[in-house]
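Presented below are the structures under discussion, each in the form of structure tokens.
Both complexes below contain chain A, partnered by chain B and then by chain C.
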Partner chain A sequence: MLLPLTLLLTIVAALDGWQRVTHHSELRNEVAVIERETWLNQGEANPHDAAHFGRYALRRVPGLSAFDPGILDYSGASVWMEAHFQSPPSLRRAESRISSYPFVYGSPAWVLSVVIPLLLVVLLFGAVVVERERRTLALLWIHNAHPFQLLLGKATAALLIAAALAVFLVLVSCAPIVLFRNVTIDWVRVLALVICFFVGYSSISGCVILVSAIARSSQIAFWIASLLWLAMVSGPLLVAQVAKELHPVPRDRDFATYIQQEAQAPFWLGQAQYEEVAIYEAEVMTQLRAMDAQKLGLNRDALVLQAHERFANRVYDRLYGELYEIHERQEAMLRVTSVFSPILALQRVSSGIAGTDSSAQLHFAKSAELHRRFIIKKLNEDMLHNAGEDSFRYVANRNLWQDVEDFAYDERSLREILQHYRLELVSIVLWAILSLVLAAVVLQVRAKAATK
Partner chain B sequence: MIAIQAEDISKSFSNVQALTNISLQVEIGDVLGLLGPNGSGKTTLIHVFLGLVRPNTGHAYVLGIDPTLDPRGARKEISYVPEVVSLYPELTAIQNLQFFNSFNEDPCNSAELTQYLLEVGLDERFHRNRIKTLSKGMCQKVGLAIALAKDARVIFLDEPWTGLDPESAMELSDQIRKMRQRGRTILVATHDIFHLSGIAGHIGILRSGVLLSLVSSSGLSAKELEQLYLDQMRLED
Partner chain C sequence: MKSIGRHIIAYFSAFSVGQLVVFLAFAILTSYAVASGLHWKMEATVEQSLPLREVAESRTAWFESLEKSESGIEVSSALARPMNLPVFVHKPPGPLGQFSHVREDLYPSTGILNGFSNEALIFRRYELESPVSLMHGGLDLVLVVLVVMPLALCLLNYNHLASEREQGRLNVLLIQGARPSEILRSRTYQCSLPLLAILAIASIAGTFVTGPLDIFTALRLILWCGAIFVYWYFWVGVCSLVSAICATSINAALTSVSMWILVVVVLPSIFQFAFDRTTESADKMHLLAIARSAEAEALGTVDKRAEAIMAEHSLEIAQVGAEIPSYYRSAYVANASINDRVGDLLDQHAEKVRQDHVLLDIVQGFSPATAAFRTLKEVSGSGFLRNTEFNHQVRTFFRHYFERIGVATLQQRRLTLEEAELIGKFEYKESLAGATVLSFYAVVLIFAVVLSQIAIRWTRKLEDPIQ
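== the complex of A and B ==
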């Protein structure tokens, strides 16, 4: 009964996931077209005005976010790219959702990583202990069954269940793509998900069999296995809260103030400008193999603007670097926790492969910032070389705007993702191996202890 | 030659003395009936021979092997049918038989297993029924078929007639006779004097863990056996 219900839940979650991804993809593509048209049709303008006119870097919607939305709904879908300022990602999808949305956690990945382990608990808690209660275990010992034979039988059955569930449910989760053809998914990643869930289920099955081998009664085995599941599911939430307390991030307003204080004021109001401009001017002269900027007709204001970009970028690298370091410390706590919770490890790897984890978001934010710097430099260099004495009166046209490429970036490869989550992957495999080995040892001891 | 031997075996659980200085011998091909009321130590004694209970003192031997020291070696020679045959309820009778048979050194083929089920009197139409749908008597027959399929030289039967209808009980007695004719050594623990009288070569009477007597039952009728049993019980009172 539980299995059909889980299957139904997976199908509903999958349909919901694919519907959402389709909607977001269409929206994203529409916005991308409008954004480009707006940029191209801004008319004649000074390049620095265009740099303030700004553009959006839009995050591509990963196809597998239908399977595992990860933090996608709660992290910015775009980055505003403007001169002088590095902006954090903004426009979270969750903000545009209706508050009473009923299916917040019901993604296929959630069903597969939280509900299925519970199902495995229900299916396997009695694997060994019921044999003892039913007294078939004594009969098996009398038939000289070896504890390893018994475990092999239990483990094979559990692994077959795990494999069937992993293959079937991941494919069921991806099946609606037939209905929503405008979204593409990487089938190699789907295969990687199947393998990860299979190994994850194997480790959870191993744990439950181990509990079943240790427990004195099936009732105790059920409660221990259920509590273990609960600890694996809820423990990480507690750790995440502790991580936030131990490694607090600055408030948005405070962070904006630091940036203002360190990236803007020292340059525009302090002494930093002179040195920075002199260094940049020297670099430009070296590049152009010239001695005098004025003789070349280079625009002084553009030189100052780009010098500020270079100054501010160093500040952003430092301040955002510190912020990312805090995030990384929080992440490290969860990473260590995942060693103790195969469910958390599975969730982290799953969202990683789906491209919806925090590291994918960080990768997007960093790529967008690189693109912002590239755009602003291009506009400043155009002004530098073409504005002459006109300075801010100089205007560029559509030709320049067309030269400014749209934001496009390569998502991390599967190899990079698996490399990033190597600790989680190793821990899942170790859980699978260790739990089964321990179960074998316990059974061996139990077999000897059968002689009272 | 001796198939089953107990040498001064004593066993206590917490404060309960289950067996006290039990010594007995069963020759190859003989059937020993252990008579005694509930709690007299019959099952405990069988468990000592099975290597499931370690005696506090004394030694048990099955075909010269001490099951405490070499349980796997001893169990190779043993078949056992417990009082309540524990099988896998979701599997059919033949599947249970196949499963337990798979642990035997020389497993039987399907046809042979079917023959064993027929031999113990389980009608073919029940062979593919799940155990949970079979009666206790039918399960007992499946348990007996499992024991037969193992083709062990020593067979322990614990309360084999309990819960069986008269016809099934008679069939079981016939089966035990056949096994004896094949040269198997059998130890039957029971309090069913009527069924035991026709098949046992020797009778042991146990009470409160003490072997009160061990006599040859040849020529003894069920009535005489019953009188012997009651006399022993009264003597102790």
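== the complex of A and C ==
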């Protein structure tokens, strides 16, 4: 009953995933077009007004998010880019979901990393213990069978099951791409997913065989293996909650106050402006190899505006650096937990490969901020060189808006991702090896005891 | 007292060590879930009180300036402008929010309205929470009831009859006059009732700890405990059936786990997939793109745009002695244009959400776990539906506010004290989706009774000792 149910679930999840990605990609592209048109057709305006008019940096929807949406729905899909202010990613899709049943994430990756391990528990919990209950194990020892041979047989069968499940289900999950042609995926990453799931399933199979070798009855083996599965699946919930308590993020209002007090007020109302403007002016003069800004016709207001950007950016680097460090600390607890849970390790690697993990989100946020700084600098520099005495009365036109490139960023390479998740990868492999070695040792001890 | 204590000891001494461990683990998890929920509720209340105080202070200052202006005392032209009248909107934690706090951080619970707000950006805020923490959520009482309780019931009840059959004791019991249905019923209730008691005690204690109970919260507590009972009874029925049908312990164990996966994982997943496909909710990014193009159109000229930006910085401008001519008007017109464009879309979306929920109420019986989840969320006062209701109430208030400040802003004057007082304050009104709760009660209770009856009938087949 479980196998067909799981297959049905995988197919439904795959179709849903691909349709979701197609829909979100189309929506994103549509919004990108509206956004660009709005920016280009804003009419004549002062560059600083345009910098306040702002733009959205939209996050790309990775093709493999159909397989593993990871944190995508829980992280901001866009970054608001405006003068003077750095914004974190916002507009989370999960906020608009009508029904969000807990515990189930409804993606092929979730089925493969949570339901399939349970299937392995059901299939393999009796691997050794049933032989003992039927007294066939004692017969094997009497016939001088080596425990290692028995384990090799069981492990080979388990690995074959793991390989078949990994290849078949990952491919089933990616098959609907044939129907949704406007989404592209990297097949090397699909291969990496297959390998990861194979190794992950091998380690889970190894653990179940170990439990089966240790337990005194099939019932005990079944419940221990099931509870282990439950602990591995529900552990991250508790760890995430504890991590949130231990490393709380600042409240949004407090954060807004920090920004006001540290990035805005000291410059606009305090003394920081004079020094910052003087340093920036000196740099500009050095670049232009000139002595006097006024003689060059440089606009003073633009100089002040860009000086503020430089001042505020340093504050933002610190404030957002601290915020991302808190996120990192929260995640570090999950990373440590993943050493004890091959299921969690598998989930983390899978979302990494799919490009839907937190490091991909951070990469997007940082790229968007770099782009914001680039846009604002470009607009301020235009005002600096062209506004002259007109200052805020100076207006630029479509030519300048066209010069501001749309936001684009490169995704991280597979190699970088695998390097990022090396701890999880090593732990999955170690689980596979250690569990099988331990099972062999247990069997050896039991065999010796039986032959005596 | 002594005799009660003796009864309790006698009751629990009938359990095996394994069963006692399950009870203990369940009690620890439940306590942890309630404690973390109470902590969350306390934090959320404190968090909301700070801006509430700040806004109250700035409202007082605004009204003082207006009173001065009305009595002929000269005040800065940037003070007491209609666009600057702040209103704090907030959604307090639900009456029983401590039991279902997981992922509540996803939804905005506070906002400050003024004339510079528009319907697309009422709740614009820094979204600072870690997405990883948000995704994993955490453990609350809803999760314990939905996921852990069924598993614990399966663990405790799967082999009441099968183990007797395997060990050949069933025939002895039958010869002695025992009936399998009675054995099954008494053992199932004996093992299941402690879980229900733990949940009931935790719920009642978790409610009373938060303070005195009003009539509405008491009613919700009754509905909450009732929902837990119905879901518990449903699972008692499932476990009884499994125990009655399966001849061997191992079969019973496998069937129990399969049932747990089917009801707790598979059915809700399929339900969720199907529902996500049929109910595509409004995308916020799309709404904002439309809002931006409306803003661009409204601020089409250079002067208007400059004025709108100046209006938002009117206090700073006034500090350097500049006059405030028509700045507010431009900002107001821009926001009015955005509201016109976005408001209709939001209304359509809200209407669709309402229709979708009616549909969900009708079909939720196909997945008892989903029905239980929706009911528990609704009764406790949390989740998407409550957030939608909050958004709706805030938007309705905002429209009233925006309209009230409109004439004065366009005429470039201040409100009169009477006009300002008529705007009033926002207060969130709790509501309860009765249809969701009732349909859960009705459907799941029917399922539970049917399952129990089938289990009892099945056990009658075992009444012949020869079998």
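In the analysis below, the second predicted complex is superposed on the first by the 444 of 452 C-alpha atoms of A that agree within 3 Å, B and C clash if a C-alpha of one lies under 4 Å from a C-alpha of the other, contacts with A are read in each partner's own complex, and residues count from 1 in each chain.
Here is the rule we use: a residue touches a chain if its C-beta (ideal position, glycine included) is under 8 Å from a C-beta of that chain, and two chains touch if they have at least 3 such contacts.
All figures in this text were calculated on a predicted structure; none of them were measured in a lab.
Q: Overlaying on chain A: chain B and chain C, fit or clash?
A: fit
Q: Taking C-alpha centres, what angle do chain B and chain C open up at chain A, rounded to the nearest 10 degrees?
A: 90
Q: Considering only touches as defined above, state whether A:222 meets chain B (first), chain C (second), both or neither.
A: second
Q: Which of the two partners, first being chain B and second being chain C, lies in contact with A:41: first, second, both, or neither?
A: Second partner only.
Q: With the two complexes superposed on chain A, say which partner A:16 touches: chain B (first), chain C (second), both, or neither.
A: The answer is second: A:16 touches chain C but not chain B.
Q: Answer with first, second, both or neither: which of chain B and chain C does A:255 touch in the superposed model?
A: A:255: touches chain C, not chain B.
Q: When the two structures are laid over each other on chain A, which of chain B and chain C touches more residues of chain A?
A: C
Q: Rounded to a whole Å, what is the shortest Cα gap between chain B and chain C in the overlaid structures?
A: It comes out at 16 Å between the closest C-alpha atoms.
Q: Quick check on the complex: what are the chain B residues that touch chain A?
A: The touching residues are 13, 50-54, 68, 71-72, 75-76, 78, 80, 82, 84, 86-88, 100, 103-104, 150.
Q: Using the touch definition from the top, list the residues of chain A that touch chain C in their complex.
A: Answer in residue numbers: 1-2, 5, 8-9, 12-13, 16, 19-20, 23, 27-28, 30-31, 34-35, 37-38, 41-46, 49, 52-53, 56, 58, 70-71, 73-78, 87-106, 111, 114-115, 118, 122, 126, 218-219, 222-223, 226, 230, 234, 236-241, 243-245, 249-253, 255-256, 268, 323, 326-327, 330-331, 334, 358, 361, 392, 395.
Q: Please name which positions on chain A make contact with chain B in the complex.
A: So the residues of chain A touching chain B come out as 134-136, 138-145, 149, 450-452.
Q: Can you list the chain C residues touching chain A in their complex?
A: Checking each residue of chain C against chain A gives 36, 39, 47, 50-51, 102-103, 106-107, 124-139, 142-143, 146-147, 151, 155, 159, 249-250, 253-254, 257-258, 261-262, 264-266, 268-273, 275-277, 279-286, 288-290, 292-293, 296, 300-302, 305-306, 309, 316, 353, 356-357, 360, 369-370, 373-374, 383-384, 387.
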